Each structure stands twice: as structure tokens, then as C-alpha cells.
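Per-chain numbering from 1; labels A, B, C and D assigned in written order.
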Amino acid sequence: MSERLIKLKIPIYLTTILGILMIIEFYFPMPEPITNINVTLRSFVTIVSAAGLILGIIILTIAHLRKISKKESGWYYSIIYLVGLVITSALGLTSVRNTTFLWIYNNMTAPIGVALYSLTAFYITSAAYRVFRARNWNAAVLLVCAFIVFMMLIPVGAVIFPPVVPIGEWLRSYPSSAGFRGMIIGVSLGIIGLGVRVYTGRQKEHMGIREERMEAS
Amino acid sequence: MMDQMLLGLIVGSAVSIGAYSVLIGDNPISKITENLYMGILGGYILATNWDFINKNAFTRIQGGQYIYVLAIILSLMLFTRLKREWIWVSRYPVALTVGVGLGLAMRATVITDFLGQIKATILPLNSINNLIMLIGTVTTTAYFLFTREYKGTYKYINQTGRLFLLVAFGVAYGQTVSFRYELVIGRLVDMLRPEVAMYTYAFIFIVAIVLAIGYLTKKITWYS
Amino acid sequence: MSMIKKLLDLDQRIIYLFLFLLLAFPILHPVILPMAVQDYSRQAFEFADSIPEGSIVLIEGGIAAATYPQCGPGMVANIYHMLTKGVKIVCFSIGAEQQVWTQKAIDTALKKLPPGVPAENGVNWVNLGYIPGGESAVAAFANDIRSVVSKDYFGTPIDEIPLMKDVNDATAFAAVFWWGGSEGSIPYGIRQFYGPFGIPISGSCTTNEVPNYSPYISAGQLKGLFGGVRGSAEYEYLLRLPGPALGQAMATNFGGLYWLTLVILGNIFYFLQRRGES
Amino acid sequence: MSVIVAGRALGLVVLVIIVSAILWFMMRAYSGKLPKLRRLPAVDIIDEIIGRCVEMGRPAWYLMDNVRMDTPSVLAPTVAAFQILAYVARSAARLGAKFFVPVTQGVAYTIANDIVEEAYRAEGKPEDFDPFGTVMYLPEGADRMYILNNMWSQQIAGAFLLGSWYHKAIIYTENAARVGAVMLGGTDTTHNIPFLVAVCDYSIIGEELYALGAYLSQDPTQSASLAGQDIGKFIAIIMMVLGAILATLGIDISSIFSI
């Protein structure tokens, strides 16, 4: 029973207490020691997240090492990973201001990052040809609105067909904001509902705990 | 100094071509870039996060804020998952993250999202546009009702709500597309600078030859 | 019939290849297509143009590596515009990486300046560098600059900088230009400069963020906005200062026309196929 | 010093009302009185997609994009996605589909790994769970290339794209569609929901992401909480309609928002 308490109940209680503390602090003026605790807790979260990333890299490295030792298909690529990791982390751990470390970041990491981000343009273009068809009226509405707004936004669009600008602006300011407003209101309620389910200990999947049906917790 | 910058642009151009090769489908060039990127990014994440912990926890502990020892303990608790029987220990840092995070999300969403959007919708109904705004917001809000069956009056409300949602999605789609082209252009501008362009062409040429040989000899799978 | 089916199943790699060629072409050989200037950009330009000679403006440089190709040229044009008008500039950044790009924008603008325009560091412009702490630091900066800044980007103590002599808080500035990149930080400027001090503010952001700020413009809290590469190109266009953004805007045009064509073609083929089937 | 922070009183009142409504419905469900709920189509689709993957002998992937647990606005949809993951993973374990979950953040990785392992154990197939391969940590950013390359080489047949989605939405959906995968997509981010709706075979929008997990859990108190959320929607609708009518009549009530 006490094992259940430590492994299961206390984490859930802890979640609830911390969450309610955050909410109360926002609505009621609090004496300084309590606000200080909350600020400290939030910085704990950032520290734990940073530690989580380090843990992730360690696990990823173990996975690559295992791949190499088992000679799984494509194991030689893992060597590239290891070399990259060892060089950059060795440089970076000496100092994050190390010039070679920053050079690698600016000239290798960042360009690949931008290039990968920009892949979206290619996939959007091929999606335009493949899925953007007026199959039914739902798809047609989406298609027409996207077409008009996009035409408004490219510099030459307004020259080809001037009315797209007022139409596009109107779509953007009225029906579109109205649509998103309803969605945002819904999402906000979804977050509140989620919070209540988590804080009452009903939803506990994120703790890796299997759900137990209709059982008081 | 200048040489380092030029070298940087050339290397940047080479790795970008490696990244763009993924457009062809899985191939050795993109695999090499993938693992290289994962490695250097992993090293970067390792170093910067270690630096962050150092600055925000260890330095503070040295400065007398002993409460931060707790943050270190919580962080170490995450690492217990490397041993299977100890996995439950990592629930504590998870409880901290989720508890605090959800609390922060919940407390803010009521005012900024829920009330903020309602406030913006309270408009005098003296123009078609304001009326559309009200109808749109009300019907899309109603679109998400879970306790109403899809029939009767609600069916029409639901359909109207869906229409507004689709318009919103279309507008957001068009909006995002134009931004995406700017990203490629930004990268291409750097790759096609006069002093780098020759190298870029050479890299493209090499990659094309390697891949063409690979595909023709069936050493690399061509996905269609 | 099978022809249309084949066209509909066109290999995506051909689409990608054409996109590459279409985007690279205008960068290598600038072709100027006509362009319509957006209202937001025109308002922002007119606002910048109305600042009287001799006053001091504050520029926040929030542009980083990923956003510099789009928004950087606009910031360069802004700095050029101010210096040629005889307006003094104080720059700062709220991100560490961004301060480097801010300085790069200043250097680029200085190189472009026509001879005879005074542009001395510390007299006509100053870069205060990186101020950590997000919005709370911006608030502190607006109330008392010296509480958060002691040295500029180059390490000169700010009390030794002539331009900073009478500049103590937000009231010293005639205007604020917030080149926010993709930081999403324009509201900081609105809340901390426009709200409490009434200093007019205009800004720039990436294209996808424009809708987030349109409410501020219609409320008059933001005097104008340059969105993405198009905004930068329009600044260059209005200022008659040809630069990299114009070429990029033309490339966007090509990419955009390609997208529109593909959507239209896809639909035509799709309907032809459906008609053939029925 | 006032009792409530200025400008937040109405927020507090609304929050208390919504939370009480949710709790009330949950209590009622606890004693057996269940509210009537419309069935979300997405509920049946999950097993269908997994089943298809098993039939074709090709893997099913569960992608979550942004899982930064230190950002509240990302954390909420991520926690919702975790609940759905618990169901999908059990379904995959039971039917025997090859399952893969890439995660880009350490704490989230810890959680996802626990969930999936627990699911395999619950279905009595712990040997099918690969501690290094089923759930995998990939550095944020580098995951794009890994996922694209492997999507092609493994020829996935099903993909779930749930959580807080950003630009990766279009990258993954378009590639998954090209390799012939059936997709279920859903997010609460307004900028990228259009791609999921346009490209995915099935999509869930905004709040439905939060609701889906509650539907899928076998726990009636959770699904009952959705009825409480509906009360919030009614409050919103009433406030908007009433406010607009009063504004038309020249009565300005916007000041109540700043109490």
C-alpha cells in the first residue's frame, strides 16, 4: 500500500497542489514569499527540461552505439553521428562561446535547419497539385479562400486581378477571425477540462500509469 | 577572418544541398546529412543545456540559494529511467512539469483566450460585417458542442460553424504558403552569392552524379 | 484519358525541380514585375518619413539568422532612411543572437550611405547590444535605460557616449521601430513604450505573423507594419533604394504564380478525369 | 490591497463556474448518471488505421511535433496527445502493428516511453517493445530528416499526427500521403490546422483533440467532463449574443471585463 502511495498517489497529489498554487497566485494578491516559491518552481521546470534534453541525447547515443555494435543495417551512418556529437560537444562543453563551436552552429547547424524548414515550400507546392482539388464543397471553400488570400499576398497578385485585395482583406478580417475565435474558445475550454481531469487524478496516462476503471483514487 | 566567412558560406551551401536531397526520397546523401545534423545538433543541445543548468542551478547554489539543490535532485530523478525498476522515480519531475505547466496554461487561457475572444466579439450589430462576426463566432463555438446530436436545428448551426472554420483554414493556408517561399529564397540567396555560386553548382553536380550512378546501378532504391 | 491520369500522378520530384529553377532564376537575374504597395507598409513608411530632423529614435533589432534574409533588408532601409534624414538612432536587441545581426544591418546601411551623410558611432547612432530578460527588461529599459544597460555593443560605457548623454528613458525618443523578426515581441514595445509613455511605434515581422498584429494597427497602437520580405521590398521600393529584398520579392512572385498555376492545373485535370469517368 | 488582482475577477468567476460544472458532471457520472454525448467519428478510425497497417505489414507512426514541456501552451495539447497515445499504443500492441513514436524533448520522451511500454505490458506483449526503437528521442529539428528518410524506406501505412503542430505538419503529411499512409491529424494551433485538415484523411479540430482522449478512456467520469465543457460554450454564446444586443442598444458592457 505504501508502495502505491509513493509510486502513484504522491506524484498525482503533487501535480494537483502545484497546479492549484499556480492558479491561485494569478488571481489573488499573494505575499512575497509565496510568489517567490512560484518563481522558483518555474525555474525548476526549465532546469528539469534542460536535464531532460541531456538525458535524451544520452539515450540517443546509446541507441546509436547499440546499432554500431550489432552492425544493424546502416550502422556506418551512426559513426557520422558519433563524430559530430563528440566534436561539437567537446568544443561546446569547454565553453559555449568557443569560436569553432559557434562557427559550426552558424555555418552547419543553422543552414541545415533553415533548409529543412524551407522544405515546407516544396511540400506545399506538391500538395497544391495533389490534394488541393475541389472534390466536394468543403474542399472547395478551403481552396477558394486560400487561393484568394495567397493571390492578395504575392506582390504581383494585385496587379493581375485588383479585386483580390479587398476580398482577401475582408475574408481575413471577418469570416476568418470569426472561425478562429470559435475554435480558440473551444480550445480554451478543452485546456480547462484537461486540467480538471488531470488534477482530479482521473487522467493519468502522462504518468505512464494504466487507467483503472471506476476506482476511487 | 574573411576566409572563415567564405568557408562558412561554402560549407553551408554543401550541407544545404545535402538537406534538400531528402526531396528525392531516402538516399545515402540525405542519410549522411541526417546523421551529421543529428550529431552536431546533439552536441549543441548537450553543451548549451549543460551551460544552462550550470548557470541557473550550480552557480545559484554556490551563491547560497540552496533551494536549487532540489532542482538538481529532480533532474537526476529523470535519469533513473536508465534502470527499468526505477522508472517510477521519474514520475516526480514529470509531476512538477505537468502540474506547473497545466496550471499556467489554465490560469491564462480563461482571460486571454476565452474572455478575450468573447470581448472582441461583443460588437454593436450596426453593420453586416459585425453580424457576420457574431454569427461566425457563435456557430463555430457551437460546432464543438459534444452534448448535441447531429440533427434538427443543431445540424444547421453545426454546418454553418463548419463553413466558417473552413474559411478560416483557407485563409490561414494562403497566408502560410507565401511565407514558406521566402524561406527557400532566403537560403538560395546565400547559396547563390557570386562568391559561392560556383561551389554550389559543383556540389549539385557531384550529388547528381553520385545519385544517378546509384539509381542506375540499383544500389539505391528509387521510391515512386 | 490515360494521359490525364498520368498528368495527375506526376512525380513530385519534377514539381520540386521546377520550383528550384523558378526561385533561383530571379535571384540570379532580377526581373522586376510591377508591384502593389500594401497599406500597412505605406502607413509605416509615411510614419517613418514624418519624423523630424534632429530627433532620436529607438530601434529594436529582433532579426536572427533565419529571418535576416526577409526582414534584414527592411531594417537596413530603415536605418539608411533615418540617417539620411538626420535622425539619430539608438539600437538594442532582446536576443543574444539578434544583437550580432542588428550590428550587421547597421554596417550594411552605413556602406550604402551617400557621401556626406554624418554617421558616426556614438554621435549619430549607437548599438546598445543585448538586453536579457524579455518583456520585463523592456519595461525596465523604458523607465530607466541605465538600470539595464551599462555598456554598448562594443563595450563602451554608455556614459562616455555623446548620443546617450540626455537619453535616460523612453521620453527621449520620438519614435520606436520594432524589427521583431519572428520573436513575436512587438506587443512588448506597444505595452511598454506606447502604453505608458505614448511614444508612437511601428514595426516589422515575418509574413505569417502579420495577422497577429493587425488588431493593433486598426486600434492605432501600431503606426504601420512591414511584413516579411515583401514589406522589406516595399520599403526599398518606396525609398528608391534597390536592394536584395526586391529581388527576393520577385522570386516570391515566381513561386506564387507557380503555386497558383499548379492549383488551377490540378483542378482542371481532376475535372477532366471525372468527366471522362462519368 | 484588494482581495482579487485587478482585471482578473471576471476570469476567476468564469473559471470557477466552468470548473464546477465539469466537476458536477464528473460527480454525477461517478454515481452512474451519464450525460448523452455525440460520438466523435475519430474514435472508430484509430483501430481502422492500425488494422490496415497490420494487414499490409507496414508500420504505424505516432507523431507529436512540438512537445516542449516547459511551454504551457504546448504542454496542454501534448498531455492530451499522450492520453490518445495510451490508447493507440494498446491498440497497436494488441493487433501486432509495428509501432514507432519519435519524441523531441527529454521529459516528454520519458513520459511517452512509459506510456507505450505500459501499453505493451498491459496487452501481455512486453517482448514486442523495443526500449530503444519503439519510442525514440530525436533532437528537435534533426527529427525532420530522420522521419522523412525513414518514412520512405519503411513505407509506413498509417500515421497519427496529434498534439501541438507547427511547420512540420505539411512536411510530414505530404510525405506520408506520398508513401500511401492513412492519416489522422489534429491540433489546436491555428496556423497549422489547415494543413492537417486539407491533407489528412481524417482530422480532428481544436477542442476535439482534448475530447478524443476522454472519449477513448474507458472511464465514464472523464467523458462526462466534456458535458461540463459544453456549459462553458453556452456561457460564451450567451455572453456574446447578450453583449452584442446590449451594445446595439447603446449599453457598453466592456468594462466588466476589466474588473
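Keep in mind that, in the parts below, a residue touches a chain if its C-beta (ideal position, glycine included) is under 8 Å from a C-beta of that chain, and two chains touch if they have at least 3 such contacts.
Please read all numbers here as calculations on a predicted model, not as lab measurements.
K.L.:
Compare the CA centroid of subunit A with every other chain's and tell me the farthest one.
P.N.:
So the farthest one, by centre of C-alpha atoms, is C.
K.L.:
Would you mind checking which pair of chains has the most C-beta pairs in contact?
P.N.:
Chains A-B share more contact pairs than any other pair.
K.L.:
Counting only Cα atoms for the centres, state how far subunit A is from subunit B in Å.
P.N.:
6
K.L.:
Based only on mean CA positions, could you tell me how far subunit B sits from subunit C in angstrom?
P.N.:
22
K.L.:
Between subunit C and subunit D, what's the gap in Å when you average each chain's C-alpha atoms?
P.N.:
Taking the average C-alpha coordinate of subunit C and of subunit D, the gap between them is 35 Å.
K.L.:
Per the centroid of Cα atoms for each chain, what is the distance between subunit A and subunit D, given in Å?
P.N.:
Between these chains, centre-to-centre, one finds 12 Å.
K.L.:
Could you say which residues in subunit B touch two or more other chains, in rising order?
P.N.:
19, 22-23, 31, 33-34, 37-38, 41-42, 45, 78, 81, 87, 93-94, 97-98, 101-102, 104-108, 110, 114, 118, 120-121, 134, 137-138, 141-142, 144, 165-166, 168-170, 172-173, 175-178, 181, 183-184, 186-187, 190
K.L.:
Of all the residues in subunit C, which ones touch at least 2 other chains?
P.N.:
12, 16, 19, 66, 207-208, 211, 230, 252, 255-256, 259
K.L.:
Quick one: which residues in subunit A touch 2 or more of the other chains?
P.N.:
Within subunit A, the residues that touch at least two other chains are 23, 26-27, 45-46, 48-49, 51-57, 59-60, 106, 110, 113-114, 116-117, 119-122, 124, 126, 128, 130, 132, 142-143, 146-147, 150-151, 153-154, 172-173, 180, 183-187, 189, 191-192, 194-195, 198, 206-208.
K.L.:
If we count contacts the way the header does, which residues on subunit B are in touch with subunit A in the complex?
P.N.:
4, 7-9, 11-13, 15-16, 18-20, 22-23, 31-53, 56-57, 67-68, 70-72, 74-76, 78-79, 81-82, 87-88, 91-110, 113-114, 117-118, 120-121, 129, 132-144, 161-178, 180-181, 183-184, 186-187, 190
K.L.:
What residues of subunit B sit close enough to touch subunit C in their complex?
P.N.:
Its residues touching subunit C are 23-24, 120, 175-179, 181-190, 192, 197, 224.
K.L.:
Give the list of subunit D residues in touch with subunit B in this complex.
P.N.:
It comes out as residues 8, 10-12, 14-15, 18, 35-38, 69-73, 75-76, 79, 106-107, 110-111, 113-114, 131, 138-142, 145-146, 148-150, 152-153, 155, 179, 190-195, 197-198, 205-208, 211, 226-227, 229-230, 232-233, 236-237, 239-241, 243-245, 247-248, 250, 253-254, 257.
K.L.:
Give every residue of subunit A touching subunit C within the complex, in rising order.
P.N.:
Those in contact with subunit C are residues 106, 110, 113-114, 117, 121-122, 124-126, 128-130, 132-135, 143, 147, 150-151, 153-159, 162, 165, 172-173.
K.L.:
Sort out for me which residues of subunit C touch subunit B in the complex.
P.N.:
On the subunit C side, the touching residues are 11, 13, 16, 19, 23-24, 27-28, 66, 68-70, 206-208, 210-211, 215, 228-230, 244, 247-248, 251-252, 255-256, 259.
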